[in-house]
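Once you scroll down, you'll see the structures, which are given as structure tokens.
Two complexes, one shared chain (chain A), two partners (chain B, chain C).
The block that comes next holds the complex of A and B.
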């Protein structure tokens, strides 16, 4: 690797100062790649303080936490860095959460697939639809509040309106949840309109949870809304002997009504989030 | 920074296992010439510093992917010049690099150059600065046409025509 020929000191001096002509500089640069001796000679001409400052910056960059898969994906999509960081800190926007949700919904869809046409077919389809509608509610509940939000204190102190980040996070949770449920729904026995029946209830339940959370803590709000939903869905299917009773016309209308009402409530009471529920 | 006597390959293997001191030693050996060489291609010292920092962070993260042997400086240069190009791509109008030919070259120097570098050196020296910059970027720095275009701040087609013209002139000069 080392050669016996070395560049003359005058050329090294001129090169370091940026005054060596192109031809000799090219020749010297090719030589520098192969010669540790001459590299050492030019090294002395770069200010030590500059090198030290740059090294400190490098060490800082190495010590900085590496963004995870979710955060990198968000950055790739053009999401701002600070929003991506706060979203990635959301409990229900972690890979483990997505996997758990995919597993639960996948299992339900799988069960529905295998019991299709039998007596239990309606019950398993009911299970899938109820779970798919509940998934984003659980995600929203797991995203906020002390105890579940690892960025709780940071959120309180962040210079962003409390409700704004809440909505950003809720939208992200809802979007991811709908995507996963939508994929899982493809495994249902009949690919007809029944695979989309959970969509409006999911939206309605999530928005109702956010609206109720202007009065209650998010987890309490999610539990209240979720339990009510379970009781109503189960009761209606028992009362009408149709397992999917809660997903028919009346159910879809009620869901739409819940969406509209919740949006109005949120528009009115969004300031209730300020300071209480962290962004 | 402690000074280690290990070869670059050994150091890089240590960096791949997470040895911060080995990276410090590599930085100590290779950052200075990288600063100087990049400074010849970019007149903004701030950008050069950023690029050198990025390069060594990339060395830290990519050390495990290094396969060749004995060519660590060339590998580092490859990372550095490509970082510089992607950095320059972010700004629409790259700062024109300082041309060394702004300083007058005396007839005596010309003779010395041709003595030192032979016919090729003299032939390169007779090229216009624009053609020489293209030769340097494409042949000596080993850049693609697209990368050379970004570095020099000229359209891709111009790089191609200048490279062709430079080849023709060199061929005539060496014939």
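The block that comes next holds the complex of A and C.
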């Protein structure tokens, strides 16, 4: 379809600059659909930079990859898109990791549920609490560092500080682990304060791992802290005949002390995360 | 006179019992400096130091006039640095676009639109814009190296550190690589390690030959070629005085070494000069780092 008349040049000028009122713009657009000559006249009047910006916007909308499930979930939670992309590159913030963690904690909770009131009840509850406290430690170890971050060497040559990257990832891992363990805890036999006893040890162990990782690589730090924790928790339950001794008053106090000490160490030594590849 | 972008001053580095760098010193001014050397010469160790990811045991490195051992100055260097390691690691579940976008975020490009434009620019530059939405794990080795080069070019850095960038590339890709790097060089500084003497001859106005952690030669490709002037000759058999010798496609032996009198001397190549310098160790040493 074509037309025999052409739009007023002044109207085209105003339209190209975005200053034409809505009613006249709507009328002009109807004409533009049928008139190649006037479409060309509009194109000639629009500044090149404005066309480039418009094209880039369209290209960005079409070409930018659709974020994955975790990244989408983070965006829904209000996480900034560039932080969501940083987190999406974290091994321990993948769906497979969450499923494995949920399976381990769910199984422990299920066992505690089915052994409640029996001789094994205390041991299975102990198992759940120990696992819940260790889950974020494992997640943090898999969040950053040589061996777990494939682009680590490129990353440490970049200006983003290693401590910032690690703390952002560690916070996300900790949050996700607490959420998963919290949901799994709902399956425990008695929904009293017992099911929250792992929270403070989890925080203490995670921060201790981060503090130790200023000397050791994150995986070595997590193994050291995790094994120490297992030995201490098991030994205290055997020595006191209270299966949950490590989670009661003394354990909570030690956890609090570990949190405070670790925060002080991290404040002092966080530059150690700036990154040097291991020899 | 301006300060060279890269200054290496009496740098030593050991890994356990192995000496990677033994008192290495040289300057790299603007332009492309090629590092040649056999495996184990210390090229990768040096480039890691130039990329601020490894510190020397002894000695000093200055990049763009700054000291990378100081936190603030290291940050300033990293803001103007592009680095492609010898074995770049990838988040294989990312697409090429997502991976380069991720590195762009690490390079402090937080505005989404500007960052995406820059990611597209570098991916187009290295010729992988057609596959940028493919997962890295689905890309060929050559494509992955181009993605690794793309991330190093983000932000048009003043210093570009490239460790074996042409390894695994086919001839056409290597030519494309030369085109990209030579276009980018200008008044920027490119440190490039390679085993390919053709790359050095084609690209680098300046070459450093490394052996056993120190610089054996510094100069232009022509000066390196001239090392072999009068020391390359053709003969029907391997000559006893030849340090290296091989049969060429015409059936004659190309001998490199101290030419006997009356030898049929031929024009040397850069490779001849290099081989004469490093000798047979070029084929026997192990890579240290």
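Note that in this section the second predicted complex is superposed on the first by the 202 of 279 C-alpha atoms of A that agree within 3 Å, B and C clash if a C-alpha of one lies under 4 Å from a C-alpha of the other, contacts with A are read in each partner's own complex, and residues count from 1 in each chain.
Criterion: a residue touches a chain if its C-beta (ideal position, glycine included) is under 8 Å from a C-beta of that chain, and two chains touch if they have at least 3 such contacts.
Note that the structure is a prediction, hence the values are computed from the model and not measured.
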item: Contacts of A:175 with chain B and chain C, given as first, second, both or neither; value: neither
item: Chain B versus chain C as contact partner of A:62, first or second or both or neither; value: first
item: Partner chain(s) touched by A:81 [first = chain B, second = chain C, both, neither]; value: second
item: Which of chain B and chain C A:30 touches, first, second, both or neither; value: first
item: First, second, both or neither for A:9, with chain B first and chain C second; value: neither
item: First (chain B), second (chain C), both or neither touched by A:89; value: second
item: Residues of chain A contacting chain B in one complex and chain C in the other; value: 57, 59
item: Complex contacts: residues of chain B adjacent to chain A; value: 1, 20, 24, 27-33, 35-37, 39-40, 49, 52-53, 56-57, 60, 70, 73-74, 77, 98-101, 103, 105, 109, 113, 116-117, 121, 124-125, 129, 132-133, 136, 140
item: Chain A residues within the chain B interface of the complex; value: 1, 15-16, 18-27, 29-30, 32-34, 36, 39-40, 42-46, 50-51, 54-55, 57-59, 61-62
item: Interface residues, chain C side, partner chain A - complex; value: 15-16, 48, 51-55, 71, 74-75, 78-79, 81, 83-85, 88-95, 97-99, 101-103, 105-108, 110, 112-113, 115-117, 120, 132-133, 148, 151, 161
item: Contact set on chain A toward chain C in their complex; value: 56-57, 59-60, 63-65, 68, 80-82, 85-86, 88-89, 149-161, 165, 271, 274-277, 279
